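Both of the next two complexes hold subunit A, though its partner changes from subunit B to subunit C.
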Partner chain A sequence: MAATTGGFAGKVLRVDLSTGKISTQDTREKYGDVLGGTGLGYQVLWEEVPPGTGPFDSANKLVFATGVLAGTGVPCNGRTAVTTIFPTCWPKPLVGSGHMGGNFAAKLKYAGYDALIVEGRADRPVWLFIRDARVELRDASHLWGSGIRRTNLEISQEMGADCSVAAIGQAGERLAPMAIVANSLSHSAGGVGGVMGSKNLKAVGVQGSGAVRIAGDKGEWEKLIKFHLSILGGNNQHVVPSFPTPQSEYYNPASRWVGEPGRRWGAAEPPVEITGNIFDLNRIAYRTNSAAFFLGEGAWKHTVRGNGCTACPIRCHTVIKVPSVAAKYGIHETAQNTCSGLNFGRAFFKALPGGFKGPTALEACMVGMHLADDLGLWCNYGQLQRDFLKLQREGLLKAKLGATEYASIAWDKFESGDPTFLFDILPRIGERRGELGQVLSQGTAGLFRHWSMQEDDWGRDHAARYWKMGHPKHHSSEDDGQCGVIINTQYNRDAQCHSHTNFVRNGLPLSVQKRLAAEIWGSPDAVDGAGDYTPMNLHKARRARWSLVRKELHDSLGLCNWMGPWVASPLKERGYRGDDSLESRFYSLATGRKLDREGLDRMGERIFTLHRALTMRDMGQLDMRAHHDLAPAWVFKDQNGAAPFTKGTIRMDRDDISRAMDLFYEVMGWDKATGAPTAEAYARLGLKEVGKAMHAQKLMPGDAA
Partner chain B sequence: MSPEEQARLTEAATEVVLQASREGRLTSRKDVLEALVADGYFHQAAGHVDTDNARQTPTEEEAAIALAGILAGHPGLASFEGLSGETVYHAPDLLSRTFARILDRKGSPLLLMAEEIRANSRDYPRPVPVELFEAPPFALAPEEIGHVLHAMAADPGYQDISFTTAPTGAVYLFSTLHLERGYAAFLALRAESLSENP
Partner chain C sequence: MKPGKFPELIKLAASAAGMDATLSRRGFLMLSACAVSSLTALGLCEALGAGAPLVILDNARGMILADPSRCVGCQRCELACTEFNDGRAQPSLSRIKIGRAMNFGPEGPTGGPAMQGTWGNGLVVQSVCRQCPHPVLCATACPENAIQADPKTGARVVDARRCVGCRLCQRACPWDMITFDEDRQKASKCFLCNGKPKCVEACPSGALRFVPWRDITREGRAGGPVLSALPAAKARACVECHTPSRKKSSAR
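And then the complex of A and B:
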């Protein structure tokens, strides 16, 4: 391997909006040990943002950070982590990050920057122009008040078509905590748009003419990419198709690998028929159709193609074209998104004519995307809609809103499942109109803060799927028993971790999953069948640790944790094994710094531990076990009264979860009593200085309160 | 048959099975023989003497006897007793065991559905949505699926095949030999909720 370095673009760009000062730093020297992405964001916040800083204070910083592998040819790269003091946290803002794909990360790196740190506050609306070394703050007063689409268009016209624009809409301008920043039409980072708005920063436009250097041997690099492609499945690394094929022993009707020969992208011009062998590497992009998976079979005829992040063959942002919506709703006939973005509109209804996969639901989704992706409104992983439905169902909106405001809402359209209801409700929230808009645009925290609703009530309600700190569950016990619970206790927003769920939902039979689990985590008992959970064991704790570490690794390398890690594959000849060392092999070749799997995982653990320290410092809390690592009451209750560990329940047992936390803290090398990292853990991870600072603040296990 | 003859026959017969697997077909010994005949394997070879090795291609009768052993011993091929009672062959790398079984049972929708439901309940484990059987490779018409389900309900050999209806109205089929009713209902509900749990 060559001794030169690569992977990193080399510089971090720093823009102080208060003073207009623009400067750069050497990435490797300053941030090389945290890779980029969330790691870089956490480090900036740790070093530069004092505890107690509010999300909209000018002292808060907004860190757009890509990673070492972003902008390279590694499949599923192109992710940007946007880290800041997160505004939707309850009861107080703490560190959090939103994650966007698209092509922003690659463009930023081609311009020569691994990250952009935004500081201070401009005294008037501005947007940031980045063209290689030329970086300017430009007036954005003509853009202020515009939606994301127009902003994107205007800046693209000014810069040229090959730029990438990350912009906020009206929600961000009005400092809605529930606001996104988005690039490439649908690639959004939730919760951080209002922070951008508070800084009077409407958008960042970036254009780069450079490239990302790869330090290692080109042949080896190409070979590894080809191997990576060979172990890809469909979206979320579902490694078996949803239908039986001659090539695979397994299939899973619930798989996101829905594309098969004979299916058509019916709205492409001309329509594209999927032919040939769907296992062929040149057919990967045909496997995923998020619209068909989420909205039903009917979406095939509206499919134009898949869109996605840099170098990702999965292309999970499906483009759909529904000509009838143009005349019916006066909106554009095409839209694109994935997962929650696709679901945005229909999820506001308790019922829709024809059901949730019928034509009206499709129209509601089109209207939802049209509005939310332009206003720049976030759904908090569907919690906005669930909160709205709960408030409406339980008469709480009627009780809390003034009679005039309540009566002004088009409830008849809501009741009849008319998608035009969204033209009423979404701008109210996105533009923060009325009390409803003011409160709901703050997320669930707004309900607790302004309407004195009790967090415990939300935590008891199975349908609300609320977890803690203002955010919902994100693949918890319903998918992965104790592993899911542990993972959901660790963050200050929803966990956004897919390492665990990509494995348990991969579609392989339980016996194969258990065989792989034995190889990776030391025992087949590291994984259970969904809803057939066994008591906690050490191997599950190891898997939870691995999942979290890999999540942080991906977020810091610029890879997609909605796809990785790739520890299972569609390859029968490999016994359906993936490769647990893929990330470290790519890192080693890209940077020229050889690191094995354990070495790179240690970096992931360092990043995760830094997040922990930052959270503890800003909470001023040593006893994380009692005050942070919590699970809601619904986790411990079955709606039909089933006992924990009986088949068909996701109910967990309190003592068992307590043991799960013991084991998790143990494998992390943290103090069992408090869940706080120990001095040894900080030292082992190269965070001695962080440890010292924690000790100075009496936040180290053993420190007297 | 000399080792050389055996090797030539093995190569030719294997190619017939591989080709059928590539084309998504199962092959019986009779099919192999017919393909060899059609290819002129015996015709070309009749009386043909390889002067170097002084060997002769086997006759059709000799080949028929040898084929069972040849195909059964081939590491790249798999076989099972098909519904017709004949042994059928396929190359699992090209035509998976699961798919091969589906192809074999296509003539018997009752068995096709029942065995697929049982395998899913046993191996994954999960109930399967009834619509699974409308799509390829099953490709059964909805009315046919309805008839099959009625027939199963009346047949003592299929009393383990049951169904559960998710709150969405979707019907999921499972085998009580491998899945408890309550667990099947849980798994059906979970499958239905996946598109709202991204």
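And then the complex of A and C:
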């Protein structure tokens, strides 16, 4: 590694499973313009994976990429983007990425690599051993068929306790599109496990003893990190607590900052009381308790501690201990996860004794985590469970499955809300047993592909929360009106963007949000109250653009877009301002390459535009506006018939959304008619060659179809 | 300095500190650490000569205490240690150690119900330097006297100018708390950040505290390698105090 390198580990590791060839490239030289993460993944796919490649073809590549800030002490880093031709995408597989936290990213950096590119297909099951410069493919025949937990244990025995293992379970081995790769027990990247399985790659174990160097002055670095810590809130960067307290001017019951003094981690031994000042930087880890937020107050007494990614003080993967499940279900009494992973089990039920925040629901969550995080089964942001419930509710499962298979399912347990139902249903899906397993393990796309169900029907159903292309909404109009809609039109899977929702749901009063919005996006009209939307305007389009650019930036720097950006803070003395230039200041100090906010944002925009070009190329589609950037019918309908822009409805207006897209394309510098980037847009972002290639394929605005 | 002078000086110091009444040869060892404080105060250390083997160090005045039940496994302490002190993020060089027991606990990936760490019961057991009282194994092992007590904190500190990179200190620490910087070929260890430990400041859950020193070397399990390779001059200094009196007299 060059001594002058800062931020970057320095090398990209490339492993060809077909030939066994292992090689490295210089990261900055080859991929410096796209930073890392999703940017690096998109570039590899753009340059090396021909259009029409299927997700499980050996020509598909799987790119595990971290970023400049991963492995450092910058709060909320620790992310790895796993980019590939995404198997759950309907009707045709296109570029997509799954993102995982945990400790994998840091370990990969310490080993000396910013990214790992996996290509080809091994002729037998293997796992990849990475210890600093020593990289080997090892036999995985003894691991094939095992769950993620055992795989992790046995590889750790072979490598040493301090390695990080990213592994697939049975779902990935069986090429389920709905499969994850997971590391550090509960940190998973969805949808990419089957691609790993198709390459006969069971796991990647990584151990690193090296450094991520900070090019700038260490005193400046320390100062900036402390400043960043001071403007953090709780999970999702909610900057006010959920409880009233004399310590804070504001509170908001919807906030995920739930660590109220007086609460306790009841399952710690002995329990840990939350005490003191809620703003104390040595108390940040107590602010977030995902179990208590999602499962209710009862979860506090089961809380052992918070857990999460390397260097993140916001511990969003709560460790919970429920001793009763050991005897009742024969599973480990502790488990950890957050959000959809935490809710995995209970979400399979239409009703549970004691309700969805009761003790049975908690047990269902424990069983769900035990099974899903071992089989390596993905939920597609809860769509798997919503699809299952819809199919069951509407009698579609009975109609589609053979009578014998249907009758073999433990429906009595489903009806009574018995968590043991999960021991029946989840292995069917994860191990792809029977027709049910074959179809549901493909995600919503499987229902369209095999059971002739109509995508439009799914798009009309409010309860299904389906968006498009096989995936659900992810913080759309329900959270953020037109901004949410625009953002949800842009990807080939669920949008996974949190830049927008983290601001509008940060818990501050609307008046404060509007004051900050005026400073950041030029007008207080850039934000509305949730469920109290006003017609589209230019400032909202600017905020949508900013949100998408920052999402790609974070995913390419190794930062967490579930926490960032940090443009609001809990600090009254700062007028609740955060800092819009934080990422560029960290980037500059880490790498020694000075880049201001605009400069770094331009790199984010470059990455986002590369994703756009890649999608268009692989779709063979110029008119993205008509064929890609779509919103489902439920967005334009209110179940109670309320008109758009009346208080209390999230219903959008079709003409207004059309105008929203106009304005969005305008601020992106894209063609309004097609939503395609123009030659100028490519050139402005240093993507001239990409533009040329698009033009050659008649995918540039003005090209005759 | 002639052999035999050192204990006499200790006795003198102990006397000055009002401890001579209890000073048996065995008690001498237990008290020596306190006594050395007095020695220092009395300026008698100089009398030992600059080149004398440094076997007995003044006790540390502070230490870092780690509470596993509060640890959230974020490794911010490890990163603060190396980033803020060394300008690089490198947990393998951290002088506080979280990563090695984070996944499976101190026993490693054994499987079974007793396993700790993320894959076990969730408990993360941190490793911190105990700033040992006499015998300070790392310092005693050092042939260059490169590990000394910091005058301000009493922390056992590696003087990088004296360190020759022999790694004997690393082999001597039963808690495996010495790090070795392969780039610089120098050993390093917890030096309490000159009295304001970065790790303590960085902990987001208050799992680390900087507290007045006490001897915790008998607590917890010492699992690391202890290779007794004492420099000859230091071995002689050890024997000076540790030889039973009758044998000593017969030997003379």
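Definition applied: the second predicted complex is superposed on the first by the 700 of 705 C-alpha atoms of A that agree within 3 Å, B and C clash if a C-alpha of one lies under 4 Å from a C-alpha of the other, contacts with A are read in each partner's own complex, and residues count from 1 in each chain.
Heads up, the rule we're going with is that contacts are C-beta pairs under 8 Å (C-beta built on N, C-alpha and C of every residue); 3 or more make two chains touch, one makes a residue touch a chain.
As the structure is a prediction and not an experimental result, all values here were calculated from the model.
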Item checked: Superposed partners subunit B and subunit C on subunit A - clash or fit -> fit
Margin query: For A:245, using the defined touch cut-off, is the partner it touches subunit B, subunit C, both, or neither? Pick first, second, both or neither.
Written below: first
Notebook entry, point to check: First (subunit B), second (subunit C), both or neither: which does A:318 touch?
Noted result: neither
Next item on the list: Pick one for A:209: touches subunit B only (first), subunit C only (second), both, or neither.
Entry: second
Next item on the list: Would you sort A:294 into first (subunit B), second (subunit C), both or neither based on which partner it touches?
Entry: first
Note to self: Tell me the contact category for A:310 with respect to subunit B and subunit C: first, second, both or neither.
What the structure shows: second
Margin query: In the overlaid three-chain picture, which partner chain does A:270 touch, first (subunit B) or second (subunit C), both, or neither?
Written below: second
Margin query: According to the stated criteria, A:284 is in contact with first (subunit B), second (subunit C), both, or neither; which is it?
Written below: second
Item checked: Overlay on shared chain A, then closest C-alpha pair between subunit B and subunit C (Å) -> 21
Next item on the list: Spell out the part of subunit A that touches subunit C in their complex, as residue ranges.
Entry: 71-73, 103, 106, 110, 149, 152-153, 156-157, 161-162, 184-185, 208-214, 218, 221-222, 225, 268-270, 272, 281-286, 304-313, 315, 319, 321, 334, 336
Check: Which bits of subunit A are touching subunit B when the two form their complex?
Finding: 243-254, 260, 262, 293-295, 338-340, 343, 347, 355-357, 382, 475, 478-479, 505, 509-511, 529-532, 572-573, 647-649
Margin query: Help me check something: in the complex, which residues belonging to subunit B touch subunit A?
Written below: 21, 24, 92-99, 102, 123-126, 128-129, 132, 135-137, 168, 180, 182-183, 185-187, 190-191, 194-198
Check: Along subunit C, where are the residues that touch subunit A in the complex?
Finding: 69-76, 79-80, 82-93, 99-104, 108-109, 111, 117-119, 121-123, 182, 201-206
